[in-house]
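Heads up, the thing below is written out as structure tokens.
Labels A, B, C, D, E and F are assigned to the chains in the order they are written; within every chain, residues are numbered from 1.
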Amino acid sequence: RFPMKQEKEPIYSGIATYLRTPYIHLNEAQDYDVAILGIPVDYGTTVRSGQRFAPRAIREYSFYNYAEDEMLFDLSTDEPLTAARLLIGDLGDIAVWPANPEKTNEAIIQTVCQVRTTTFPFIFGGDHSITYATFLGCKQALDRQGQMPLGLLHFDAHLDVDEDFLTMPRVHHGNVFGQLIREGHLQGEHVVSIGIRGLDYLRCARFAKNAGIKQYTAEEVRKHTLETIMNEAIALLKNTCRAVYVTFDIDCIDPSQAPGTGTPVFGGLLLQEVLPALRLLSQLPVVAFDLVELSPSLDTTGITTVAASEILWQFLAFGLAI
Amino acid sequence: RFPMKQEKEPIYSGIATYLRTPYIHLNEAQDYDVAILGIPVDYGTTVRSGQRFAPRAIREYSFYNYAEDEMLFDLSTDEPLTAARLLIGDLGDIAVWPANPEKTNEAIIQTVCQVRTTTFPFIFGGDHSITYATFLGCKQALDRQGQMPLGLLHFDAHLDVDEDFLTMPRVHHGNVFGQLIREGHLQGEHVVSIGIRGLDYLRCARFAKNAGIKQYTAEEVRKHTLETIMNEAIALLKNTCRAVYVTFDIDCIDPSQAPGTGTPVFGGLLLQEVLPALRLLSQLPVVAFDLVELSPSLDTTGITTVAASEILWQFLAFGLAI
Amino acid sequence: RFPMKQEKEPIYSGIATYLRTPYIHLNEAQDYDVAILGIPVDYGTTVRSGQRFAPRAIREYSFYNYAEDEMLFDLSTDEPLTAARLLIGDLGDIAVWPANPEKTNEAIIQTVCQVRTTTFPFIFGGDHSITYATFLGCKQALDRQGQMPLGLLHFDAHLDVDEDFLTMPRVHHGNVFGQLIREGHLQGEHVVSIGIRGLDYLRCARFAKNAGIKQYTAEEVRKHTLETIMNEAIALLKNTCRAVYVTFDIDCIDPSQAPGTGTPVFGGLLLQEVLPALRLLSQLPVVAFDLVELSPSLDTTGITTVAASEILWQFLAFGLAI
Amino acid sequence: RFPMKQEKEPIYSGIATYLRTPYIHLNEAQDYDVAILGIPVDYGTTVRSGQRFAPRAIREYSFYNYAEDEMLFDLSTDEPLTAARLLIGDLGDIAVWPANPEKTNEAIIQTVCQVRTTTFPFIFGGDHSITYATFLGCKQALDRQGQMPLGLLHFDAHLDVDEDFLTMPRVHHGNVFGQLIREGHLQGEHVVSIGIRGLDYLRCARFAKNAGIKQYTAEEVRKHTLETIMNEAIALLKNTCRAVYVTFDIDCIDPSQAPGTGTPVFGGLLLQEVLPALRLLSQLPVVAFDLVELSPSLDTTGITTVAASEILWQFLAFGLAI
Amino acid sequence: RFPMKQEKEPIYSGIATYLRTPYIHLNEAQDYDVAILGIPVDYGTTVRSGQRFAPRAIREYSFYNYAEDEMLFDLSTDEPLTAARLLIGDLGDIAVWPANPEKTNEAIIQTVCQVRTTTFPFIFGGDHSITYATFLGCKQALDRQGQMPLGLLHFDAHLDVDEDFLTMPRVHHGNVFGQLIREGHLQGEHVVSIGIRGLDYLRCARFAKNAGIKQYTAEEVRKHTLETIMNEAIALLKNTCRAVYVTFDIDCIDPSQAPGTGTPVFGGLLLQEVLPALRLLSQLPVVAFDLVELSPSLDTTGITTVAASEILWQFLAFGLAI
Amino acid sequence: RFPMKQEKEPIYSGIATYLRTPYIHLNEAQDYDVAILGIPVDYGTTVRSGQRFAPRAIREYSFYNYAEDEMLFDLSTDEPLTAARLLIGDLGDIAVWPANPEKTNEAIIQTVCQVRTTTFPFIFGGDHSITYATFLGCKQALDRQGQMPLGLLHFDAHLDVDEDFLTMPRVHHGNVFGQLIREGHLQGEHVVSIGIRGLDYLRCARFAKNAGIKQYTAEEVRKHTLETIMNEAIALLKNTCRAVYVTFDIDCIDPSQAPGTGTPVFGGLLLQEVLPALRLLSQLPVVAFDLVELSPSLDTTGITTVAASEILWQFLAFGLAI
């Protein structure tokens, strides 16, 4: 059941925790099936920032997914909502150093490791550089529990495998998976990237191929359907990994549905295919989920936050096999 | 022919009536084929309001559909515009009580009944709660003229069949058709809802099925084409009803094309399929048309008002069989 | 001392309670010196709404006033901040009926009475109609404690003493003090209104004079200084009342500093005079404070929320004599 | 009395004529004390345009000045509103040629002359270039009626006396009074410009002095009060002219109160002094009034339209001696 | 190779030339493969303007396409970028007369002719009226070089073949190709228009057919794929012309991906099909390219400028056969 | 004279260098009287960022200050513009490391030192943290030239003398002058801070007093006039320093005139007093000037960029004694 506040109130009222779930402390996380954790940083963006404001925007908007002590139903698929049995708690945001990525990464690793040890981390970025540390935090926890190897299912317009970019921090939103692979934390063969498109440096394209990353371009998704490709990706990850981290860069969605992000690329995935495809994740041993790169103030119409909200909810409701 | 103002002027100039048609009084309505009526309320919205400003926004924007004493042509379908023979008048907006839905509903029923008695009501909401009263107004007029039963063709992301929602007015934008059915004004079997998607309470999904509402989800539209589904819907309504009320909730359109609405849901219909499908309505005895839930200030790019404007015009030009 | 969260974090991070104070339940209010209470309604506005979103906006923005376990200092007046000793808790928002003002008023009266019985209610509206009920809630509590009469110090561009306005709810943002006086809950002689300007119906101007309301126009403030006028107002209220309710309509501020409100009027007060003047309130037995009519989305630059935030903080820090 | 629509309705509803006055044709103008005329052009702007949308924005916003069959009262000055006896009609907008200033000017001259012959033209620009033609239209009418010379009272940040500007139309918003003077239609000695500030070409400053224009800078206004300066200006114009045209460039107001204009200059006049000063105009034989340079979309907060609306109303209510 | 600035800097920094290419003078154009030329006018728009700000917006945004001395790779098509060998220079904007289309057209013709004589003009409008003059400028240059006839490949929602529109300039954004054909500069049979949809005057539809313009509606694109239609168009133009001018009206794109334009029409092309199709242009002897009708301030989310930027880059990188 | 581009063009056209001055390289700086240098960083902001976009916004907007080969005149002060003799060049922006303040500071120090050695650095921030390095760069140059001590004239709402703030970079926008003083680069007695107001930590207020910083609060400015206070400040700096660095934090201006900044505080200075006061700077040996903390996207009306532009121009035109 959803641990919603008892009083009936309009869904725009009250303190903005995610879905109005309880505001909990780290040592209470173990009592919940899912623990929300925000990471409000944007030092890793190469151009337009504002991702630091995403965790609060997602919580604020989550009033749309409001649910009381009642059964919900998915009209699109004609089935009741299985998520209603989840106990969700909101940890608030991690303490970050807005201009010190290294120090922040250490703190993220430690906190996410602690959360992952007892429950499911549901993470709101921040720019994509956070996944360096959230992935490592999960890996530490799973290592101890003997659940390795940890694979990566990666939705994005970009490969994010660049090298150091002269003026950026060591880990930034364009090199996060390059760093994890080069440092030996992640094998390229355990990575599936979906939604890839647009231009990149030749060196990056070569790195991804050499590392063995399985790429599905947005064009391939349009040709073969996302369902087909997800089934392939799931089969691949199931065969090679015992646990999977899912990272969702909102810029994998087309700018017509998600304009509020720093580096939009046209020709992206559409929510009509992404939402049902997220359900297939229940077939995978997903151990953490993050949504990154939402920059609310870049979208004055607010629909990018709506899109993020629908993606998060869909995963919780149908994609999380707890 | 269009009773446009005679002077040539740029289309952003002049007093903003719909399409610059004459500003008429209620007792002149009988001289026109179509009578515009705005209902500027938003007391029925559960979250984000501003629908009270939609009638003026639609009139203001209607300059794009400008036409003089000349023949128009639809480039998309390669045919001349049959609407040019319609005589259209603009009644302005009904007097409403912004925090007294019951009293406003009485006034709407009476006015719409009067308009429907002599001409075609073309209604600009307001939130979807207005359709409770506009439907009843039409029903009263048709009852007297022996044109019953009156069916409902309903474009929406939502079913709008909830029960009382504790903190909302008796009739609100989420229970309007539930109320009409429960009160015996409308039979569920006479309702076709197109574009349905997303989450709802289990109780609502059950109510709709039990009541016999014919639902077509947006997903089904994508699978079978809107043309096929509209033809089915038209056959169903023709078989069972002598008159049909068409209600168009702008949120049936995908947020990428219509972000300016209070409760957007992704995966919606697209105008490329909706516009041609509206032409099929000329096969039905449509007796009134409303467009609801447009909230102009929620869309700073203005395209939602453009979308509403194209829908309204397409129906007038090709879907209205007068 | 401030009961702030212990962890160091950037002030845009974390769950948005007011000033990051604890999120408390009604039965904990007695343990705090000040209890925050939001009332997210806008049914009482005659034109442009959105005031329902103000409580969350104030909490979100309050990160600017962030303070840890340290002494603060007011640079403008060269003195340390006495508020640091206050224990503040955030009750969240009251459950409201967005289209049922009467029912909402009953709930407000009961809740505010309960809060006022044990601590200081610090109220975030909502449109000005809420003050009808918040005033009555305080009055009930004070009546029991023998602290009557309860006077009203009213900052506003408008008198808010109109009669019923045909299409509005019984109590709306334009007649709230007219209603309180006509119903015998408040004596006109116990009301001081500051910042009055612009046009009103002749009937309202006459009512205010006949009722004995002491009015200070914004023009008089410019002529005599707000300090002089506040001293006069304080003397008057001290002489006639044993307790004072302070209501602050943000539209008393000039639109150049507070554009985000429904019915702006130029020629208003300026924060450079309002902020120091709020300190004089420490000479009065103030028993509750509300800030109303902030409509965040009407001000895309956000400075109206900044203005509201500075006013609230200034009162807490220097104007509240606890 | 105000010829308002009889039905009671919320002030955001209905067809947007100015103050909901009747929408009239040119040959009805003689039956009204004041005739509204919009001139939606912006070909005369040197930088940022959008002034073509001002007439509709002013009409739309004028709901704030709503008045029924009741006496109004000015709270700022403690006096009843004398304007209530005016009969106002709204002519809509003149037909303009958006890229042909010469042709548009001819049409403006003819129409304004016709209006001025029987009633008071109350003109909504458009950029300041329109005043070339509106002034000439009035002059033609007054010439026939022997009411010459016609002086000019000019509120502006700029002198608007430049020469041809190479890439602009012959008459543009920066040379309009230079043109009128150089062509012999207006004597520099009959011009008073108030609010002048900022930079201009040396040639312009010299022209204004040589032509005998009486300039009052915004700095002088701050030093001597606007009341003093208006009294001087009125005395000067009364001595030398039998009729006065008042032109109000909204950029004479400080950008803090009027950001929505194409060429803002800081250090401008403030509405708290402008509004009372407009009343002094009742001592002058004012024969027409225009408000120009409002560009609504440049001010997302909308307060510039509010400012324009207050200025227009104040003049109508207290400054127009009919 | 790209003649980028040598210093490494974040891509939002520095002087905004297109892609940070050198800022060159007209007499240097011959040293470059491609010469950027902005034409900042909007006198030719019938409704909403702001196209004058497009050239600067495109340059400002072009930081996304940043490339150094490195090979780039197209992830969507799995191929290296051939454009890297182009030498690009930015001429800045042409000097225009903002309210004198005739004079501006003369200047455009002369400048474009001069540029076309030695290099490839890559033109940023401005409204679509500019193509009248840019086409003529190219034609003059090609005439001298014996490369005629010059055909036109036209992407647009509109036919742009109207006659004089009473209140508009002689050449405006709605009649530009009608003018070129009627004046004998262009043969209808040498024109292919892609993306056509919505309403037009019957007279325009007839003119286009009589003139022999080959039209492909957006609906036909959806039915047959853009690739098929482009191949047809290319075959047609190759057969009949020795050179082709490509004009790209951003409103050919659907408003969901390109809301920032003056006259949006729903049901447009999508970038996922437009971007690959632009590559087919390398099979044609394209002699100039313009992108018009972008009005940046009409799209507060900025994605229209992103769309324009991707189109421009895609053509440069893969569609330009130099 | 101003080295403007020769062609006549509308001021919104062309490549956006500051005032359309030549785009120069570092080794050409010595040929100019003033060298523009942008520093696009915002890592030093504690809350709302976007200051990285300020240098381009200032250049873009500088079209308003357009001047050709002609004499200009200041209407406010009735005097010709002496700046016209200045030769200005635009260096573009320095290469920065957006998440590495230390490395960026080193680069700034080196570049500014080089510029200061031969000409006058006119610097566009960036957040206020940049002044740490720009001040040190100037100091190094002046040290070599024996022009020490170098004082600081500081316009700001804040003291900016905090210590390390746990989660921020070593030098941030809140401790920049604290760092300079504690590290011995600047003596507190050589600092004058004008416009101070609002709240700060007690530790900061004490530090400023102990260090001997001369503070003038905004309240003191209102009481004594800015002219008086500037004269005092100038006398003080003249007595103690041989050179003065002027740093202008745009948040010293009131939010009504400058909403587009990260940490606005009400009760600020107004441009009507700031602009004339900047002229007094010609009495001081000013060796560099920076304007910081402008965040353009936080002000959708754009007036903050206008304010910054007027301040910059006023200093160049009348305050720079070269």
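The rule we apply is simple: a contact is a pair of C-beta atoms (placed from the backbone, for glycine too) under 8 Å apart; a residue touches a chain by one contact, two chains touch by 3 or more.
The shown structure was predicted, so the numbers you read here are calculated from the model rather than taken from an experiment.
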item	value
Comparison of A-F and C-D by number of C-beta pairs in contact, larger one	C-D
Size of the rotation, in steps of 5 degrees, that lays the CA trace of subunit B over subunit F	180
Chain of greatest Cα-centre distance to subunit B	F
Interface residue identity across copies subunit D, subunit E - same or different by half	same
Where subunit E and subunit F are represented by their mean Cα positions, the distance between them in whole Å	41
Subunit D residues counted as touching two or more neighbouring chains	8-10, 12, 46, 52, 95-96, 98, 166-167, 254, 256, 300-301
Touch relationships between chains, expressed as pairs	A-B, A-C, A-E, A-F, B-C, B-D, B-E, C-D, C-F, D-E, D-F, E-F
Sites on subunit E touched by subunit B in the complex	46-48, 159, 166-167, 196-205, 215, 217-219, 222, 254-256, 259-260, 263-267, 298-301
In the complex, subunit D residues that touch subunit C	8-12, 63-65, 70-78, 80-81, 254, 256-257, 271-272, 275, 300-303, 306-307, 310, 313, 317
Of subunit D, residues touching subunit B in the complex	7-10, 12-17, 23, 38, 40, 52-53, 55-56, 59-60, 90, 92-96, 98, 300
Subunit D partner contacts - residues on subunit E that touch it in the complex	42-44, 46, 49-50, 52, 95-101, 166-169, 172, 297
